[in-house]
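For reference, chains read A, B and C in written order, and residue numbers begin at 1 within each chain.
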Amino acid sequence: MIALFTDFGLNGPYTGQMKAVLHQMAPGVPVVDLFADAPAGDPKRSAYLLAAYAPWFPEGTVFLCIVDPGVGSARPAVFVEADRRWYVGPGNGLFELVRRRAGSASSFEISWRPERLSASFHGRDLFAPVAAMIARGDEPPGRPLGDDADRRPDWPDDFAEIVYVDHFGNAMTGLRASMLPPGARLSASGRMVERARTFSDRAKGEAFWYENSNGLAEIAVNSGRADGDLGLSVGTSVAIAS
Amino acid sequence: MIALFTDFGLNGPYTGQMKAVLHQMAPGVPVVDLFADAPAGDPKRSAYLLAAYAPWFPEGTVFLCIVDPGVGSARPAVFVEADRRWYVGPGNGLFELVRRRAGSASSFEISWRPERLSASFHGRDLFAPVAAMIARGDEPPGRPLGDDADRRPDWPDDFAEIVYVDHFGNAMTGLRASMLPPGARLSASGRMVERARTFSDRAKGEAFWYENSNGLAEIAVNSGRADGDLGLSVGTSVAIAS
Amino acid sequence: MIALFTDFGLNGPYTGQMKAVLHQMAPGVPVVDLFADAPAGDPKRSAYLLAAYAPWFPEGTVFLCIVDPGVGSARPAVFVEADRRWYVGPGNGLFELVRRRAGSASSFEISWRPERLSASFHGRDLFAPVAAMIARGDEPPGRPLGDDADRRPDWPDDFAEIVYVDHFGNAMTGLRASMLPPGARLSASGRMVERARTFSDRAKGEAFWYENSNGLAEIAVNSGRADGDLGLSVGTSVAIAS
């Protein structure tokens, strides 16, 4: 399976052109849209989101990940093998948390180049072909990346900010719920919320946080929208209180 | 074929994770997004929409339907067989109109449980696997639902409200056009509109209602947006005048 | 491969129903969403967008194209063969630029009719079945279109307007970059912008135009949104200065 993690949106021409490459080069391999609305141009927050969602997928999955504000600049083009899953995309920190949390992981610089590489759409011209090659079982076309250019050792293990707001207005933090004290409360935008098991444990309109289905601490309002009701958006700081 | 009917949105991680389950458990079965923007958290209005769109699909289609504000609460998890199509999802009334309009229909409580069931994402952990099992031809994993917990006998046969606003601003009612008198006019938000055959029968900017391509009475404006121009949104009441 | 080019949106029921037809009638043929947000009800601007994106696809691709404000009126239903690619949709000018730029091209009127043709959704009932027939290798069901009813000879070869705003706020013009003088500047909404190779060649917040990955002149702002920052939307005029 190939899973897409991008900030491209589904509507425009970008996701479709990448899928056209994947269907041609790796026919029969299912392609799944995981996120098309990762934090736009924001590899750091995207990295915490990706690391929370990727391990749920089966071993062998290839993640084609494009959050690439530096396309056309000097950032390396990489793929990462981590716990028997593959990640293809820009080496701008996007895979930092996947690597850090993996039992074993290696980064490679992509050594393959297409006949024609556009300046602005490496997702289509470079990364999608490499993802297809790996998914169909070719020898991954790379050499070990020596200088850790894709790593970001200064980023925290968990990130006390909102990293994603979903379709329902629920606000995901970059904090793994399992790393928080059992009775921890979260404070954001001047509001303190307590932990609940899930939505139906709270009264309508009540705000709370809970461990979402991929392990992140997420702030929500039962039958409401946490983003609008509490003033949360990607980048809002979160504080932890016990 | 498996058709998705949810309020999850296409962008977020929810639809993608469900599709990952379906591709793994029912490989080769086409998966089609019917609605990803069913009325959010609103099984009643969603039920009229689903009942209008499902019969168009061929026999044997499995509908994976998640509009589930009560996830984690006591509502039953069900599947319904109705006129040789299958419906999998929460037993919160979502299948009431499909059942009521079917020649033959039965409800079953899902008896299968996954190894790990998250509190908030039964679509991925419970309903998608069951949809995949049915689509690949397994014995459907359920027992007859005895207490009619999924039925809503008090809901009307046709619903005089806006139940969906589409990408163009057209406002679908929960009324089947075939149940309305031939010369019926519809009134909503203080405006009365007459029936037309289709858009091109009316002048630009003119409001009308027509039988849409799945049989619902839909209010539209030629070359305009009925939602903005007439003040219509999901939940707006509609009155029928002759 | 079948590529979809529509103004239907991905969320609603329209794209999904067309895909259901395609999967049933041409099983195993990959279906890719190219644009679901082509300029709404606007065949002219859509025509310049389609002509820029279609040639990137491999020969043999079938484009199912629905931007059809006149559905239900007298516009012909057509398919076009142009440079060994196929285009199916309304003959309202949507294929004018594809035809004009092709080495060889012919238009055909669709001679096939479904058992039941809705007044408002020819995409599902007429065009998708014909696209499926062509994609699976049937004899294309048409007769030569004699009267040039689908042509628009008065439209310019390149169109000095914004024809699409993407997910990032970048504003595509209907101008091919290769047709502009090397040092050309573009002026729109009272702002003059110079050419750059790509985003990373400009300072953050700076506006410029560049040749996008499909050859169109596109106005963008590094780390910003050209639509909001410069006041650009579909239909904004663009002037060329040297």
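Here is the rule we use: contacts are C-beta pairs under 8 Å (C-beta built on N, C-alpha and C of every residue); 3 or more make two chains touch, one makes a residue touch a chain.
Keep in mind it's a predicted model, so treat the numbers as computed, not measured.
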Which chains does chain A share as contact partners with chain B? C
Same residues or different residues: which describes how chain B and chain C meet, taking over half shared numbers as same? different
Taking each chain's centre as the mean of its CA atoms, chain B sits from chain C at a distance in Å of 31
Can you list the chain B residues in contact with two or more other chains? 9-10
Spell out the residues on chain B that touch chain A in their complex, using ranges where they run on. 7-17, 19-20, 23-24, 27, 40-41, 69-73, 118-121, 124-125
Interface residues, chain C side, partner chain A - complex: 1, 3-4, 9-10, 30, 32-37, 53, 56-58, 166-168, 197-201, 210, 212-214, 223
